[in-house]
Every structure is written in C-alpha cells, then in structure tokens.
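Take this structure first; my questions come after.
Labels run A, B, C, D, E and F following the written order; every chain starts at residue 1.
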Amino acid sequence: MIVRISSGIPGLDKLVGGGGGSFAENTVTLVYGPPKVGKSVFSYQFAFEGLRNNEPCLYISTDYGLKDIERNIANFGWNLDEYIENESFYFIDAISTIAGVEVESKPNYFLSSVHNPTDIMVKLGMAMRQIISKSPRFRSVLDSLTTLMAFNDEVLIVRVLTVYIMRIKESGGTAIVTYTEGSASSKVENMLKAIVDNIIHLDGENLTIEAMIGGGKVKGQYDITPKGIVVD
Amino acid sequence: MIVRISSGIPGLDKLVGGGGGSFAENTVTLVYGPPKVGKSVFSYQFAFEGLRNNEPCLYISTDYGLKDIERNIANFGWNLDEYIENESFYFIDAISTIAGVEVESKPNYFLSSVHNPTDIMVKLGMAMRQIISKSPRFRSVLDSLTTLMAFNDEVLIVRVLTVYIMRIKESGGTAIVTYTEGSASSKVENMLKAIVDNIIHLDGENLTIEAMIGGGKVKGQYDITPKGIVVD
Amino acid sequence: MIVRISSGIPGLDKLVGGGGGSFAENTVTLVYGPPKVGKSVFSYQFAFEGLRNNEPCLYISTDYGLKDIERNIANFGWNLDEYIENESFYFIDAISTIAGVEVESKPNYFLSSVHNPTDIMVKLGMAMRQIISKSPRFRSVLDSLTTLMAFNDEVLIVRVLTVYIMRIKESGGTAIVTYTEGSASSKVENMLKAIVDNIIHLDGENLTIEAMIGGGKVKGQYDITPKGIVVD
Amino acid sequence: MIVRISSGIPGLDKLVGGGGGSFAENTVTLVYGPPKVGKSVFSYQFAFEGLRNNEPCLYISTDYGLKDIERNIANFGWNLDEYIENESFYFIDAISTIAGVEVESKPNYFLSSVHNPTDIMVKLGMAMRQIISKSPRFRSVLDSLTTLMAFNDEVLIVRVLTVYIMRIKESGGTAIVTYTEGSASSKVENMLKAIVDNIIHLDGENLTIEAMIGGGKVKGQYDITPKGIVVD
Amino acid sequence: MIVRISSGIPGLDKLVGGGGGSFAENTVTLVYGPPKVGKSVFSYQFAFEGLRNNEPCLYISTDYGLKDIERNIANFGWNLDEYIENESFYFIDAISTIAGVEVESKPNYFLSSVHNPTDIMVKLGMAMRQIISKSPRFRSVLDSLTTLMAFNDEVLIVRVLTVYIMRIKESGGTAIVTYTEGSASSKVENMLKAIVDNIIHLDGENLTIEAMIGGGKVKGQYDITPKGIVVD
Amino acid sequence: MIVRISSGIPGLDKLVGGGGGSFAENTVTLVYGPPKVGKSVFSYQFAFEGLRNNEPCLYISTDYGLKDIERNIANFGWNLDEYIENESFYFIDAISTIAGVEVESKPNYFLSSVHNPTDIMVKLGMAMRQIISKSPRFRSVLDSLTTLMAFNDEVLIVRVLTVYIMRIKESGGTAIVTYTEGSASSKVENMLKAIVDNIIHLDGENLTIEAMIGGGKVKGQYDITPKGIVVD
C-alpha cells in the first residue's frame, strides 16, 4: 500500500489521482524542463507544504543564498522565518561562497560550494543526523543539478545524485531534484531518469507526469500564479 | 535441441512459442528500454521463477541494497526470505557502500561497489563457486548496466559484460542483464546487442523480442500489474 | 511588487507592458541571437539610458576599447564624455591588451584581458566598490560572452557568469549580458539561459522576450535606426 | 582471369553468378550488419566448406572458445572434430583467457587475447607458417572485429585489419571478417570498407553484395535454416 | 557618416548601393563559402583595386608563395610587379617554408609559417610599421583562415583573428579574410562571424551580403570571368 | 593559357571539353567517393597514360606493394615492367613494411611506412630529385589518403597533403590524390577540397567534376570495364 504525500501544488494531487497526495513516501522525483518554466517555484511549494505540516525540510540550493530564497518564497506570500527560527528548515547554501558573499551563522544553515559536491554530501549527512533525531520523515529539495553540472563533470553529478538518493531514502525522506533540460548530454539525461523514482516535466504550459510509482502517465495544463504553480 | 526455461512472466513463454519456456538454457538476454518501463520488475520475475523451481539465483544489484530488493519484490506478493535463508538466493550488493549504509552480514551476501567492476567480477567468482557446488544450473540477474556506466567508462562495462557472459555460460547459468536505452552511445548499445544471445525491448506498452536463439522476432503488449509484468 | 527600470529601447517598455519599464530591478538579462543583429547596440542604449538618469554604469567590454565604444555610441548621437568625466561611467577594457594597444589612464577605467576572466572579476570587484559608495543602484553590461568563450573553455565562462550574476545582484545592480547564438554548445546555451533571470532574443527582424520575471513571452518587430534599436 | 571459390552458402554462388564460386581467391570479404543476423553462421559455413574441400582454415575467434565453436557448428549438423584431429583447422582463441577459462592444449590451438591485438597477429604468423608449409591456399575467418573494438581503440583495429589483410593475401589465403554495423564510428566503418576487397551486408532478410571483385551489386533474400544460411 | 571604399569587384559596389564603394573604411570583412567558389579571386581584386588607387596592401598568404600569387593575379591580366617594386605591396608568405622552398629576399617580403600564427602576427606588426609611416590608410588580405586551421587548433585561430582585427583597425586598415565553409565547427564559424564587421557569402552562383555596416542583406548573381568576379 | 594533359580515361577529356586534355598542368586533383567505386583504377589509368607519353610517374602507394600494383594494372592489360626497367616509374611503397613483407631492392623503389608520413615526404624528396633531373614535367599519384588517416591523426594528413601539393607544383608535377568519402570528418573533407585545385567525385555510376581550374561543373556516367574506367 503506497502512502502519498501532498505536493503543495494546487491541482496536482488530483491530477495524480487516487484521492491521496502526489508523491509516494520515500521516493525521489525529478522535476525537469526548459529554462524559466517554474522548476524552482515547484520546489518552494513542495518544501513549504511540508513545513506547514510539521515535516522538516532539507533544502540544497545551488543558485540562491538563504536571503534570496526567503525573498523568492515571500513573493508568493509564504514566510520561511518561522521555520528557520524553529529549526525545521535546514539549508545547504552551495553558492554564496563562490561570490565571496558574507553570510550570517545559523544553527540550521550549512555553507558548502558547487565546486565541491563531496562537501555538499558531507553537509547533507550532518543535516540529516539532526533531522532524523527529530522526525521520522522529512522532505528534501535539490535545486538544481544544472548548476552542479556547470561546475563539475556531468557524469560526476549522476554519481552524486545516486548517493543523495540512497541517503534520502534510507533516512525516511521524500525528495525533489530539479534539472534544466538540455544542459547535459542526452546520455546523462537518460541516466538521471533511470535513477530517480518519479519524473515530472514542465514546459511552461503543460505539466506531464512521465513516471510515478504506482501511477500512469498523465498531463495537465498549469500556470504560474501569484500563489505559485496551479494545475488546472 | 534447445531447452527453454520458463521466464516467470505470464504470457511471455506463449509469445515465444514452441510449447516450452522462453530462454534457451545457457544464454544471456539483454532486457532494455527507456527509463521506468519495468526492466527491474522483469528481473524480479525471472529470478523468482527460478527460485520457486529450486534453481539458485545470483543477483547483482547496482541500484538497491538487499532490504530494498526484498521490499520491491514483496510489493508483488513474493517473499525472498525463504530463499535467502536456505541460501539459494545469492546477492552481490554493489551500491550500499557508496552511500555508507551499514549492512548486516549473511553467508550468501557479497558486498562490492559500482566503483569497482573488477571487484564485482571477483565476488561473482566467489558466489559462483558456491552455486556450482550445489546445482548444475542457475539463474543470474545483472540489474543494471546503466548505473555501472554512470560510475565507469561505458566501453569498460562492455568488457565487464563480456567477462560476465563467458563466466555465466561456462558454469551452466542463464542470465538477464538490464540496460536503460540511450544511457550510452549508440556504438556501445550496438556492442551490447552484439555480445548477448537474446534481446528483449520494453517500451512501456510493447514487449518486443528482437532476437531469440532459435526463434524469430515477435511483439506483444504488456502491463505492469500488481502481479508483475503480464504479456497479453 | 516588482519595480521595472526603463530599457532605453523605444517601444520595448511598452512591449513588456504594465506601464513601467522593462527590466525588474536587480535582475540579469541575457540578450542573444545570431551575429550582426544589434546586440551591442542594445547594450549601448541600456547603458546610456541609465547614465541619463543618474545611474552609474559598469561596462565590461571584450570587443572594443574605450575609444571605439565612444565612437560606436557617438554614431547614434549620444555622448559618453560627460559621464566618463563625472565618473558615472566605469569601463573594464578586456581587449586592448591583447593587441598591445596603448591606453591612457583614467580613474574609472580598468584594464583587464579576455585571457584572464578571474582578473576581470577582480576588476569588477574594484569598480563595484566605488560605484556602491556613490549609488544604491547601477546598471552593468557585459558585451560579450562570445569573445570570452573564444579565449577560454566555454564551461568556465558559465562559472564566471554565475559569479558575475551573484555579485551584481547582491550590490543592487541590474545587468545585461550578450551572447552570439551558436558560438557555444547547446548544452552551455541552456546553462546560460538557466542562470539568468530574463532572456531576450534578437534575430534581425524580431525581438522576442523569451522570459521576463513577472511577465510572459511576447514578440515584436524591430529596426536598427540612426537612433538605435526601435521596437515597432 | 578470376578464380572464385565456393562460399558454402547454398544459393550465394548462384547469386554472384558466372558459374563459379563466390569469392575471388586471395581476397578479403567484410561481412557486416546489425546484431543477430547470422554473421557468425556465415563464417562457419565459409570455413567448413573449405575444410570439406581439403583447404586448411585459420579461425580467429573473439567471442567463443573452441568448445563453444564446436557446439555452435554441431548445431548445424557439421563436425569439426575430424579437422581438428587432422590439423587442418587452426584456431586462435582470443577470448577464453579474459574469463580465466582453462583450456586444453592442442597443436593447432593458439591462445591469445582480445586485449592484445599485436599478440593475435604474432599467433597469426605462427599458425600461417604451419599452414603454408602444407597447402598453397587456405581460408581464414576473423569473427569479429566488434569485440576487438570493445577492447581496443577502434582505429587501432583498422590498422590491425590492414596487417591481417596484407598477411593473408601474400600467403595465398582467402578470408572473411565480420563486423556489427554501428559498433564503430561511421568514419571507421568507411575505412573498413575501403581496405577490404568484397563487402556483403546481412540485415536479417536480405543479403546484399555491396562490392565484389569482378562483379556488380546484387541482392537476395536469405533465411537461417537448420542447415545454416540459405539464399533464396 | 560612413566612408565606403571600392571593392574592385565590378557590380558589387552597386549591389551594396548608396552610390559609394562597398566596404566601410576601417572594417573587416569575412568572405566565406564552399571550396572553389572564387574567394581568392575576390581577394586579388580587392587588393589590386587598392594598389591601383595608391593604397598600400598587406597580403598574408597561407596557400601560395609570392611567385604563385603573381601568376594567379597575372592570369586575370593584372601585374603585381610594379607594386612590389615601388613597395606598396607587402607580402607575408606563411606557406613556402613548410615545403622547404627557397625564396629570394625582398624588402617588402616577410617569411613566416602557418605552423606559427604568433610569428605571423609579429611579421604583421613589422609590416604595418612600414605601411603606416607611408600612408594613413591601407588594405589588408588574409587568405585563408582555413589553412591556419589545418595547422593549428581552430579556436586559436579565432584568437589570432581577434588580434589581427584589433591591429588592422587601430592602424587605419580595411581588410578581407577568407574562410572555407565547413572546415571548422559551426561553433567557430559563429565566432568568426561575430568578430568581423561585414560578412559576404559566395556559393559559386550567388554572392550574398549577409551583414554590412550601415547596410542591409542583399544578394546578387556572380560569374568568375577572365576579368575576375563580376556581379550581375 | 591553360595547358591540359590527357587523363588516360576514355571519354573524360571530352567531358571536360575544350578539345585538350583533362587536367591543367601543374595542378593537383582530388579523386574521391565511397569505397569500391574505382578510385585506384582511375589512378592506374592516369599514371599509365603519362608513362606511355614518356612522362615519369611518382607513385605513392599505401594499400598495395609493387607486386600487387603490377598485377592490378596487368588485370587491365597494361604492363608496368618496361617502365620500371627504364626507371620512369618511381614507387614509394608505404605499406609492405607494416606486414613484414620482404621486398627486393630496385633503384626507383622507395620503402616507407604509413606509420611515418614525414618519412614518406623525405622519400618523396629523394624521388623527385631524380625525376626532375630527367624530365621537366611528371605525374604523381597518392593512393590513398584514407589509409594514411587510419594510421595517423586526420588533420596531420591535411598538413602532409599541403606539403605534398607545394612540392609537386614547384617541381613541374601534375598529381592525383584519392580519398574514401566519409573516412574523415566533414571538417577535414572540406579542408582537403580547399587545398587541391580540381575535384572529381565517383559514386559507382556518375563521375562528377566538382571543380576544375578553368572549367565548370559537369557530370557523366561511367563504367569500370576490362579496359578500366570509361566515361560514356
């Protein structure tokens, strides 16, 4: 019997069908598509939905520092502060160091670098130990693989993702990873699809569930609204 | 006179025709197709069919540890425990080490790594010596080549597969290897097809027998049901 | 609430719509297209529009020295002298050194080289410290990524652009970067599009806004007139 | 005046026409096509036809050991034993060593390795000295180039084939080499076709003579029967 | 106000239109197309037109030595001798050394090598110092980039061309560079087009002005006549 | 005034038109096409036509030793012996050494290797010194570039061909070089076409003159007859 958790995307759980949520617990979902179609917004909604329901979230960010993420999320009317305060939002910042930005220390804030995926995995382990001690389940976001590929060999990132998936799943997590279509070879894209459990494609108009554990292929239209992605 | 063994896939032996099973004994079959079409499920059925008929099985897993495989198989209502207990199921776990997962020791459990295909072949030799001492024939699964290609040069994996095939065949085994279409160059895909005996393609809807020793090319529709793959 | 700044391109602000300017403050826009369609002219207009409104401009040039830029801009009837004099126009000249051209020293003039993107980033930091001390916001142009790619590995330039974007945004800048379509692999082109905020494509006839924060995809015709690019 | 030797393929000599055999003496023929279309069977028939007519055969095998070849050939009702006994069948086994298989010593049996094409050429020289001392003409088979390409750089195999061809021709041999279409770059495929004398393509249905010294391009249908390939 | 100089190609100045010449002074034009369509002939006409009008010419040749160029030009009824004598024709011979051809010394003759583009740039500097001391403007030809690409990494040639363009323009020159379409990657072809000012394509039938400073895209038919290229 | 020499191919001189021969003296012609369309036969006819008319021939062979060439040519009823005897046929054998074939010494016979193009050029120089001392003009054949590309980097062969062309032309030679279409990258194929003077394509049915100094593009049908290639 598959337990599905809510996606946080209005309309998506219904599109998946079956009366429950969208993602089977303890699975990893690839969210991919061309640039600028809402992949990060999708991630924000997934993460925030968990926080709202008392599930800790482990967020790995390769494009924005914490302040930017807070602002991006605030644009949709959601407030991360409370969850940073109560330490249910864990953040691995893999980008601020490369621009020499100074960041303030917080207990659930980890500094790493897109230059060093191994260190990201180390920080992942540190954060997960804390999370597991508090909650039997959590959500995780890795946004995005694309930037990691710009700073490392693309096949190495497939390997890092393999490790990430193994670790998330053995610890009771459910995760989303984002990827910009066409920013790696088709060979690597096929590998990415092979190692995740679920696959969702966004193209700016349609959201296609290409693979979903215990479900079939379905497609729906979507819009990016002031409340985030809404599936019609 | 070719002896064919049962595939464990309802409908497939009939599709192959001739009144016997599907795979000629002592041959190796490539099962390939796009991501998420049931290649692993196919492997589970093939392996379990053998166990049920008292044929030992040597399973090389590059995506899941033993616990995950047990759970995946249990999802279809099949129970591996008995066969692990009576030591007719041999397992080479090539993935748990990369995530630092701790695994409990079992006599028919071998730990190796996708980082080290040579070591996988060494463990293969160790496992086969035990199996051969018990049974003149056995089944083997290698699921999947794709992950090995993510961690090694793809041509090296063709070489490893060549060794695997030589060893399986000289020891009385019949094997299945899985591969995600498009995750290697077309050159390597052609090499893979050249060195196996039988080729089965899954695309989510159709199962095509592209090559089968002593048989012709046939195609059938299939579904992934709660009882596994069923060919119509 | 998104604040949009004026583009300096007659007709473009209207095409974007909403009654304000074109580019959301603190965003980075990729302007790309085939060779010889007006990407540099677009940059001149963007930069000059800011200067006219008392916003300092930080211009990184990889194709022309300061004298050439002055002349190019003068061709459209605009005069940079005043802004060089009052030190609101900052210029990083990354090309003159490679031809051994001798350049006269100016306080807001920085010499660097397309051979050394790291040094360009160092000069960027030096110029930004001056600019920030004077103005809470500024404009920046990087024209173009293409030449940087001819002198360096193309993936390195994606990394440099990532740093550039981080720095511009944390300092209150709004920027344009230009790129000649087809002068890098499609993989790198997709990465470029993934890391910027807005994307404008020019093809000699049409100007297409492929992505704009807070806006949709729109297309308009344009001409290069004696007054620069004019969108119909 | 071209002397043609019989191919051993029922119907092929007639397809070539002219009332004689198929292959001009002292030429090398490339037999190629997709995986699993009968290239090895073709080789068996060519080799066995020679043995039956008292022409020694030098067989280089990269996919099967001697025992497997014997069995494969026996499947078609032909018996190699006699020719191994009377030392008219010479065998270079380039595959058994890679799987650590133990092989029994025979005077006309040479052990080499797909890892070491230079050694294969050395063994070729040793075998040819024996053959030449017995017979002014002989047949040779190299099955297949594909496996050599999996274990070596593909261009190196073109060079090895060049040496093979030179040696076979200066010693009075007539040879067949097999190759799986698409398992090398098209560049290398064109080189292979450039350096052989005759070219035969098999696609599972049609046998096409693409080039034949002293003959034109012709095509016929074929089947793989219990008696081997038969051209209609 | 753009000053255009005469191309020396009958019909071309008219095709460009505007009543003046073809090329804006102080610009660089890429002349490209498939092999054998008249790119070198175009160069001869451009160079000779300048000489006839008392503009010195700096000719960099990668395919022919001085004697061959003289003969090639003489084939169209034009005589270089006078201009070599009065030292208004400067020649950098980058090819004769590679074949070990012995060449006679002349004051305006420079020996370099396609193997050493840096040395070509050094000789360029030496020649330009002489030319500048005599004339405020001159013409230059670089025929062709193709041979430089055969002897060097193609991206290096983009860099060399960047330097060439910078130097020509800061010294008052107007230049033509030729390139054989398809002899570099499309990536490099796009870079070449990005760094020049004007682009002319020849295909054996049509001459297309793909880009021209201050002008639009136009196309005309042409023939190679005993008087050189003539645009209808 | 262009002097054309006879091709030795019945019908070709007429196809070229103008009442003279086919190839302008002192030019180099690329003869290319798919495998097995008669490129070597074309070379034999070109070479033999010269010998018959008292023009020495310098033949560089990368596929056949002298004995094989003699036999191949004899197949068409032509006898090389006389010209070897009177030392008007010079032969550079670049292939026999790689197979360890022993060759008899002759004054106009040079041994080199496809492994060492530089040495081939050295032998070329030695042979040309002898030829030039006897005759103001000669013919040369290089058959084929393809094998040189199998043994060396393909771009290196473009460079070697550049040297070959320079040397042949400055010594009064007229040459043919053959190449198998598709056995190098299209980039290199374009370079080859750029550096020769004339281009002839054979496809098994049609002979197309793609470029000919002083002539246009023409096409004719051809057959390979017992008298060699005949253009209809």
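Keep in mind that, in the parts below, a contact is a pair of C-beta atoms (placed from the backbone, for glycine too) under 8 Å apart; a residue touches a chain by one contact, two chains touch by 3 or more.
Note that the coordinates shown come from a computational prediction; the quantities given were computed from them, not determined experimentally.
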> What is the graph distance from chain C to chain F, where chains are linked when they touch?
Replying inline: 2
> Starting at chain B, what is the smallest number of hops through touching chains needed to reach chain C?
Replying inline: 2
> Among the chains, which one keeps its Cα centre farthest from the Cα centre of chain C?
Replying inline: D
>> Using C-alpha centres only, name the chain that sits farthest from chain F.
In response: A
> Which rotation angle, from 0 to 180°, best lines up the CA atoms of chain E with chain F, given as a multiple of 5?
Replying inline: 60
>> Need the CA-centroid distance for the pair chain B / chain D, whole Å please.
In response: 32
>> Nearest whole angstrom, what separates the Cα centre of chain B from the Cα centre of chain F?
In response: 55
> Going by the touch rule set out above, which residues of chain B reach two or more other chains?
Replying inline: none
>> By the touch definition, the chains form a closed loop. What is the full order round it when you set off from chain B toward chain D?
In response: B, D, F, E, C, A
> Can you name the residues of chain C that touch chain E in the complex?
Replying inline: 34-36, 63, 68, 95-96, 98-99, 101, 144, 146-147, 149-151, 180-185, 204
> In the complex formed with chain E, which residues of chain F make contact?
Replying inline: 125, 155, 158-159, 162-163, 166-167, 169-170, 186-187, 190-191, 193-195, 199, 210-211, 217
